[in-house]
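Have a look at the structure below, then the notes.
Note that the chains are named A, B, C and D in the order they appear, and that numbering of residues resets to 1 at the start of each chain.
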Amino acid sequence: MGLIGLGRLGSVYAQNLARRIPETRLVAVADIAASVAKRIAEEHDVPRWYTDPLDLLADQQVDAVAIVTPTSTHRSLTIASLKRGKPTFCEKPPALSLDDAVAMRDAAAAASVPLHVGFMRRFDTGYAAAKRHVQGGTIGRVVVFKSSSRDPYPPSVEYANPASSGGLLVDMGIHDFDLAKWFMGPVASVHAVGGTLAYPELGAVGDIDNAVVSLQFDNGTLGVVDLSRNGVYGYDITTDLLGTSGTLRVGYLRETPLLRLTAEGVTHDTVPYFMQRFDTAYVAQLRDFAKAVLDARAPSVTIEDGIEALEICLAATASQKTGRPVALAEVSRAATSHPDARPSP
Amino acid sequence: MGLIGLGRLGSVYAQNLARRIPETRLVAVADIAASVAKRIAEEHDVPRWYTDPLDLLADQQVDAVAIVTPTSTHRSLTIASLKRGKPTFCEKPPALSLDDAVAMRDAAAAASVPLHVGFMRRFDTGYAAAKRHVQGGTIGRVVVFKSSSRDPYPPSVEYANPASSGGLLVDMGIHDFDLAKWFMGPVASVHAVGGTLAYPELGAVGDIDNAVVSLQFDNGTLGVVDLSRNGVYGYDITTDLLGTSGTLRVGYLRETPLLRLTAEGVTHDTVPYFMQRFDTAYVAQLRDFAKAVLDARAPSVTIEDGIEALEICLAATASQKTGRPVALAEVSRAATSHPDARPSP
Amino acid sequence: MGLIGLGRLGSVYAQNLARRIPETRLVAVADIAASVAKRIAEEHDVPRWYTDPLDLLADQQVDAVAIVTPTSTHRSLTIASLKRGKPTFCEKPPALSLDDAVAMRDAAAAASVPLHVGFMRRFDTGYAAAKRHVQGGTIGRVVVFKSSSRDPYPPSVEYANPASSGGLLVDMGIHDFDLAKWFMGPVASVHAVGGTLAYPELGAVGDIDNAVVSLQFDNGTLGVVDLSRNGVYGYDITTDLLGTSGTLRVGYLRETPLLRLTAEGVTHDTVPYFMQRFDTAYVAQLRDFAKAVLDARAPSVTIEDGIEALEICLAATASQKTGRPVALAEVSRAATSHPDARPSP
Amino acid sequence: MGLIGLGRLGSVYAQNLARRIPETRLVAVADIAASVAKRIAEEHDVPRWYTDPLDLLADQQVDAVAIVTPTSTHRSLTIASLKRGKPTFCEKPPALSLDDAVAMRDAAAAASVPLHVGFMRRFDTGYAAAKRHVQGGTIGRVVVFKSSSRDPYPPSVEYANPASSGGLLVDMGIHDFDLAKWFMGPVASVHAVGGTLAYPELGAVGDIDNAVVSLQFDNGTLGVVDLSRNGVYGYDITTDLLGTSGTLRVGYLRETPLLRLTAEGVTHDTVPYFMQRFDTAYVAQLRDFAKAVLDARAPSVTIEDGIEALEICLAATASQKTGRPVALAEVSRAATSHPDARPSP
């Protein structure tokens, strides 16, 4: 495989692809920073490294591509990769606009090449087990979906800028919204409230740092997602599925097997960040992508999944800005993009 | 003290007043069911029992009164008690309408007699400790309030009828809304979604069984409350206070000190219901009422607290019915009651 | 009932007997400190108080007696109570010597009056549930018994003196040894190691502050009890029953429903002491005693139970002093007391 | 590196050495089963495989060797490896007799080649953090060491045969005894009780399946280790370090982030076995070995550590068989091996 983008997450992907997935060999990496590309290549015995991702895409030894670059580049790189016939993995979010995401989908369809959008939580042992339990009927019908994501510290102001990140409801929310859809089915409408309550510097670039989003699903069931940048005690991701005969609760903060018992109480450390919490989920997802390619089956998570999750993000963003509930239909592809695809009057 | 109402909760109060609070002697009980009143009186060596609550209120030995009757009777009984100059404890909700609640407040003011509205959660060791930690700065500024209440099984259809219960958002929600206000300050607006998702029979009488309510506080902070009648695994009450430097989490399901470890996993029993979860909180609240009376200080929880919590309930109910966010100002006393109190045009 | 002894535990018993047990009325209390007896009597509306326990025993209104005095007085008070035909509850340990305990048993037999020895753990909801699960087969055959008791701080030097307390292995150990016997059956032999490792002042009066005792039961199964005076983080009582098809684990440290999540980790407070941990167990035990008397059935815990637990204590003490395993037969009544009760040659 | 032995644990080591440790390349594997060696080699792109370990030791490309074979072969393979000048990692236990272990130590000394004995628990994040906390004074002086190891199911009768496994107190106990020594210092004496209580078939080959071992350390502190083959609910490894100002508790059973909450209670799955519980510890240990070799520093765990842990195992075994406490001096090298090192008469 070839890997484009060697930032914080990309360098984790490099190690995973090079060392932890039996089905893959990492034969090329690309990053605009030559020193980074060279260092990562050496660290993992990767034969070739590039600064221009198009050079990597032209590499005949590269059978499949993983794209872990800033979101603004996803569309062009993904389409370029697909046009070269390379099965492509693109990290979330697929894009910040439905137009971009739809273009990626159309490119995959036109090329008949698999495109996997990264939602690693689905591959976490906890979430995967919850899915099996839901399907197996352990908790009856699921009627309320609750999910909470808290980062231990805020991103840089540059990263947080909604122009590049999409804002809190896209950047963080897309994970929870994908879970919502995965567990509950299509969303009918959302209502979001938010604010810049902990880190005023994020407000200065137009982002919020906390939000609460309530959801109504097509089937009448309910949901709520809350997001925060100030989970200063650790990386805290929890999901609660309330069913008619039980509840499933995914998430934990106790990473370490050590308890300290002193006059101050009983204390355990928490999970530092996503690299620890979802370490094996990232590996499992890339491995699933590789196996799907080798087995010539469709990817487990598709660009359609990415588009649908993005629609919820955009509806939530619109609701948070306007103060009113927003129906998914208002932001859907039919409503906002592809004017030429509309029925003629 | 005298106790009016000996139903499920009232009989707990009888035991608490008779046996668990050093400051009180239970000298009279009243219930419309003579057999119940007689039995409870005998069980706890209560000297006198009545079927007419007005007889109890006329009892010269009764120095203070606790009212644990159906909500529809709160207004008349409370006002009657206050008019006789008896310090009065009234179980939540004070009433189903602001008019009724305001009348109770006015009666207390007119008689200059203390009126305590029951919100036992404030007296739970966990919630009380959380309040102290918030005030002590343990978690910085609190920016998000989350609270979840789940009953282990649905009420009877008769009980659930919104005409008598006020509906889910009043009957269950008032506890969480009181906490919201207690921890965060005044609520500016709410948005609620809900549905009858588990127990269709509740829908037949006009109630819902699940709801998600998002809150915006006057100071810009956020909140969310979710309510469910189908917490079939136990009585699950949790509150999470997210601050700028930490989080406080109140609630637990592990009532019993026993773990069972078998090939099926590690299992513990849960808290059955409110009598177990808030057993000592009910005692502490009644004791606090008694001490306030003896010390001639104002009650810790007032009818004003009850009115404010009820306003949130009514706003949430209006939002759930209309589908749009509702500002508290829309349902407040100024807007809905006391036409004579409005400034003349 | 009448209550003799109003120290730390005795004052708890006063409240329980006066207020928390429907079957009992506390009509008399006795303590050598008149001011204490007077104060407790007033606090709980007890009609009569005495400084001489024999006066209480002579009180015609006293139908049954609870003795919560220093251990050295148990023998004489219990026998005096039994001789007056009063059903008697005696707090653990029944005595420090087998001679004394056997004399108490013989007095109960001679008078045909019930004598209950206090082992409150058996009435804890966790231990009681564990017993039911063992009997119900939840974990198959139990093959290893583990129990650990840790006090949050050391007793006074006066209290700890083995001449009055019996030493760590009697004073603390008797609870765990009673559980051992209750769950596993008779003990065949013990081996104990111990030391004065945290509080040298306890060593100065001849006591140890930590011990580990291994047990072999008559049926070949195994056990271990560890005891400590320096559980400085809280009152930590845990028991683990390892069976052939599962394990039961009794005990917890999380008394409070509050978690604090900060950059230092996730912290909860612990259980302060036995009054908190076994609050309801003490009530349940006294109530069981009262009901047994009213129902004319044998007490649930007998002086025979007390004698058997004491035998294990004494065997463990002998082992700790000599460094070698000690068979229960070496310390049993036949071996050490009552020469006149042996069959004549 | 070269790896000898590709059984259950050996195949895990193959993956770790091949893929998860940046400092190592796995260039050769050996197993008496050719099909296994060939398969593992192919799976991990290992260039060469052997059926005769001596061929691997003769391989010029092999710079260091890991030995994960049955214990009976450790002595000869380790000495052969050391004689060829290859830094050697030998899985625990180093040997079943002190003679064998001492011969290994002498060979390492004679060759001046590093020899690391595998005790992976020391590299677990929980145990490593506990060590740092002890050294940092978090809990004051440690006065009691408690450790418990439970396997989820028994080994095969062939494996369990003490002639090859050393018996329960060696095969399982050596891990806890190494921890005991690591945290507390030298052991003075032990007392062990044990029995074949769950799996009679183990008794038929002379092994026990449960044991309790109490320890006295040279410095007067205390310890207890309990071992079981019938932890049927999961792989349960816990250690409790009781200090004068707090306690450290290592261990957990909740591997999965999923809780199931139903009418049966709250349930989580447990840790299946050592490959899951100590997955990263095995990697960290091999990596530490590799780094020590590359950095030319002494191994973190030495054959001396292995010998000292084995001495405790043998003392415990002697105690369990004889029923009396056994001083370490009775089984130490001076007492049992090296006749030529004894003072002449």
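As a working rule, contacts are C-beta pairs under 8 Å (C-beta built on N, C-alpha and C of every residue); 3 or more make two chains touch, one makes a residue touch a chain.
Please read all numbers here as calculations on a predicted model, not as lab measurements.
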| item | value |
| --- | --- |
| Intersection of contact partners for chain A and chain B | C, D |
| Between the pairs B-D and C-D, the one where more C-beta pairs touch | C-D |
| Distance between the centres, which are taken as Cα means, of chain D and chain C, whole angstrom | 41 |
| Geometric centre distance via CA averages, chain C-chain A, whole Å | 58 |
| Euclidean distance of C-alpha centroids - chain B vs chain D, Å | 58 |
| Multi-partner residues of chain A (at least 2 other chains) | 232-233, 245-247, 254, 260-263, 269 |
| Residues of chain D that touch chain C when the two form their complex | 141, 143-144, 146, 148, 150, 191, 193-195, 197-198, 210-216, 220-224, 226, 228, 230-233, 242-247, 323-325 |
| Chain A residues within the chain D interface of the complex | 19-20, 22, 43, 124-126, 129-130, 133, 138-139, 245-252, 254, 256-263, 269 |
| Residues of chain C that touch chain A when the two form their complex | 232-234, 236, 253-254, 260-270 |
